[in-house]
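After this come two complexes, each holding chain A, first together with chain B and then together with chain C.
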Partner chain A sequence: MSEVKLIITGPPGAGKTTAIAAISETPPVRTDTRTTDDLSSVKEETTVAMDFGEITLGDGQKVFLYGTPGQKRFEFMWKILVEGGLGLIILLDCSRPEPLDDLNMYLENFSDFIEKTGVVVGITRTGGANPPEMGAFYECLESTGRTFPMFEVDIREREDVALLIDALISTLEFSH
Partner chain B sequence: MTQYKFSEKSEAFCQEIFAQMLSSSDAIYGILISTVDGHDVAKNFRKDMPASKLSAMMSSILALGETIAAEAQQQQCRYVIVENSDGYILTLKLKDRLVLSVIATTRVNLGMLHSVSRNAAEKLAAHIR
Partner chain C sequence: MKTLSSKGLTEKDLLVLKSLVDLMMSRTSDTWEYAESDNCDAIIIDTDNLKNSAAIIDEIEAQHAVAIEYSAGASAGKTRFRIKKPLRAADLIAVFNSVEAGLAPKNDAKPSAANNETPAQAGISSSRDSGTLDLLNGPESRFLRVTANNCECIIDLANDRYKVTGDAALDELLRSSEKSITLSATSGFQESFEPSWQDAPSLKWKLGIFLSEGELIKTLHSKSRFKLLRWPPSDIPRTMPTAMALSALLSRKSGATIEEALSETNVSSEEAIGFVNGAYLSGVLSVRAFNLDNHGQQPIKTEHTKGLFDKIRDRLKRKPK
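Let's turn to the complex of A and B:
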């Protein structure tokens, strides 16, 4: 594998754009536009097509990172972006009302892709009031018959994003 | 969910402009105003088409056009045209929060479609707050 395409998905505000910006070696490509709905109380801009960034691993392997829009109305972009993808990072935001439902929604919508690839889950913003325990996320995964690496991360930190990518690459190498 | 919505007066003005556009060429069969983040706001379709899905797609394609223009150092993206075997879709920004999309068959002259769309966008932009 000299070039690897990885997909980062998750609900709006989970940190997909931030994660790519935190780790990309080149200025990230963004398609942010102004939010005009309820989301505007949380963030001024949202991704409507894709984010893109790239990194080079120690062995010279290039990793291309594609961030999806989070909203379900952009589901068509999810299908476009997973084409040729080798792995999926799902970011979940614990400050949202129902992060476990978010996990189930992304597992269901990316199920075809998940069946043939590796997945890593990043749990973000766990510092708020009553976030679900990590165990609840594992139980949620297990109830769908799946087990994926899962990490609590601060997506603004380059090292945390690198952890997710390293774990995903390891998963892919192990399974191929 | 709270979404961007026109006042009754603005909606009526839009429909008036849409009617003028449709009467200028019978090849034009769909006009849609959506938000930059992909919600439909106003439309006049002569065919049954999914306005909400198209709104999200128009938002994506215009954002990609703008991003590609910036990456290629060509400054501001003025419009995006999708040319298909059975027609054209022209999409352009309408002020800072809206997107105007015009859908037509191949019977339309592309220059004419462009002119009708730009003129309508200017009138709409001058009226809509």
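Let's turn to the complex of A and C:
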């Protein structure tokens, strides 16, 4: 059976590790280390290589979930991780200062992969003071020429992670 | 060709508006052009900048043009069409497509201003003269009252909000086969309601999905090609699981027809029509009047991937062991 691989990316703290923990049937493999840069005020540990989780399909086939490191300085890892991937989930943290810039950065860096596959965007932590409206996020996606799915989600909830994966595979099945 | 003008816009907003109108010609059903004239099909009014905006709107509507409110805050409720600041292409496209429908030849069955309450009992879809959604799509309709099983719900169409008395949830009322629906241009009956308004961004989606009864809104044509501009909020696929497949299909660069939706997915005709109506009422549907022979990219769907996607979906439905 061929390897089925879904990639989850997004800025540090957006919930990539949490998303994998919410949906994976095995405890996620993590490569976290103590933060030493500006992030240390936000989170104590951050992913430096990847997070890994898996779900087993009815016939025993595995779907692997890979979470990328969030910081741009690890972008060399992004290119390695997407190799052979089925599609991309971008998580955005609306409590960060410029979530629209974050989205544009990930769309640009993963543009080749998105063009070949598909993407779904999960918007998290929208309860802050002035989160951008969904329309603003959709405008960023318009640059791809396709209407990709975008949902507000609580990434701690398994159902919400499942919703993102379902939307991604629906896009791959019907919209590519 | 439709013409657009504006009143009260700042110099910057006017510049952005003109640029967007030029840029998005291919994204609207009809061609729009900005004109420095009062004699236009639609006029955007910056209600934040004009003190007498209500009088201006009345004047515009008296001339049978469409007034589009443009403001930063909550809707003043004076117009059916509204764009929230700042100006964004997607919002403008959505409003233009809705306005185009409003400019289509009027349905005689729509309520007149003099008789501004129109009963539309559930289960009358066989008579397409007065389908609920056709009435709802009319510029005169502002409020919808749904009653069933001793519960009552008032829906404020302009502001995507509702209030309910009784134990029933909104979805339950809209699904009820016993429901009675009344449309009104005025909010007169809302004063007797104690509950506070509840915002519901997916309200118009739900009206489309639950009230369509298998009939497209009259301004839509069953052979048209529909392109979804935005996916529905997450409560829609949770309410209607087939919304995922329909959203993906209609999100293709070329969009899709209802016939294609039925042949490429397992959704029923009623579901597909309800979904299209919901997207249209929500202002996120672009309509091309003619079906194109060459409609671009097709999905990569082999038996292998189809089986894989179904297996993943099946697994997502199950809780982890």
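One rule holds in what follows: the second predicted complex is superposed on the first by the 163 of 176 C-alpha atoms of A that agree within 3 Å, B and C clash if a C-alpha of one lies under 4 Å from a C-alpha of the other, contacts with A are read in each partner's own complex, and residues count from 1 in each chain.
Definition applied: a contact is a pair of C-beta atoms (placed from the backbone, for glycine too) under 8 Å apart; a residue touches a chain by one contact, two chains touch by 3 or more.
It should be emphasised that the depicted structure is a prediction, and the values quoted were computed from it without experimental measurement.
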Fit or clash between chain C and chain B when superposed on chain A: fit
First, second, both or neither for A:163, with chain B first and chain C second: second
Chain B versus chain C as contact partner of A:4, first or second or both or neither: second
First (chain B), second (chain C), both or neither touched by A:100: neither
Contacts of A:145 with chain B and chain C, given as first, second, both or neither: second
Which of chain B and chain C A:135 touches, first, second, both or neither: second
Touched partner set for A:73, first chain B, second chain C, both or neither: first
Three-chain overlay, vertex chain A: chain B-chain C angle, C-alpha, nearest 10 degrees: 160
Chain C versus chain B, contacts on chain A by residue: C
Which of chain B and chain C A:172 touches, first, second, both or neither: second
Distance in angstrom between the closest Cα atoms of chain C and chain B, superposition on A: 21
Residues of chain B touching chain A in the complex: 1-4, 35-39, 52-53, 55-57, 59-61, 63-64, 66-67, 71, 96-97
Chain A-facing residues of chain C, complex: 84, 88-91, 227-231, 233-234, 237-238, 244-245, 247-249, 251-253, 264-265, 297, 299-301, 305-306, 308-309, 311-317, 319-321
Residues on chain A engaged by chain B in the complex (per definition of touch): 29-39, 46, 48-50, 69, 71, 73-74, 76-77
Of chain A, residues touching chain C in the complex: 4, 23, 25, 55-59, 61, 63, 133-136, 138-139, 142, 145-153, 158, 160, 162-163, 165-167, 169-176
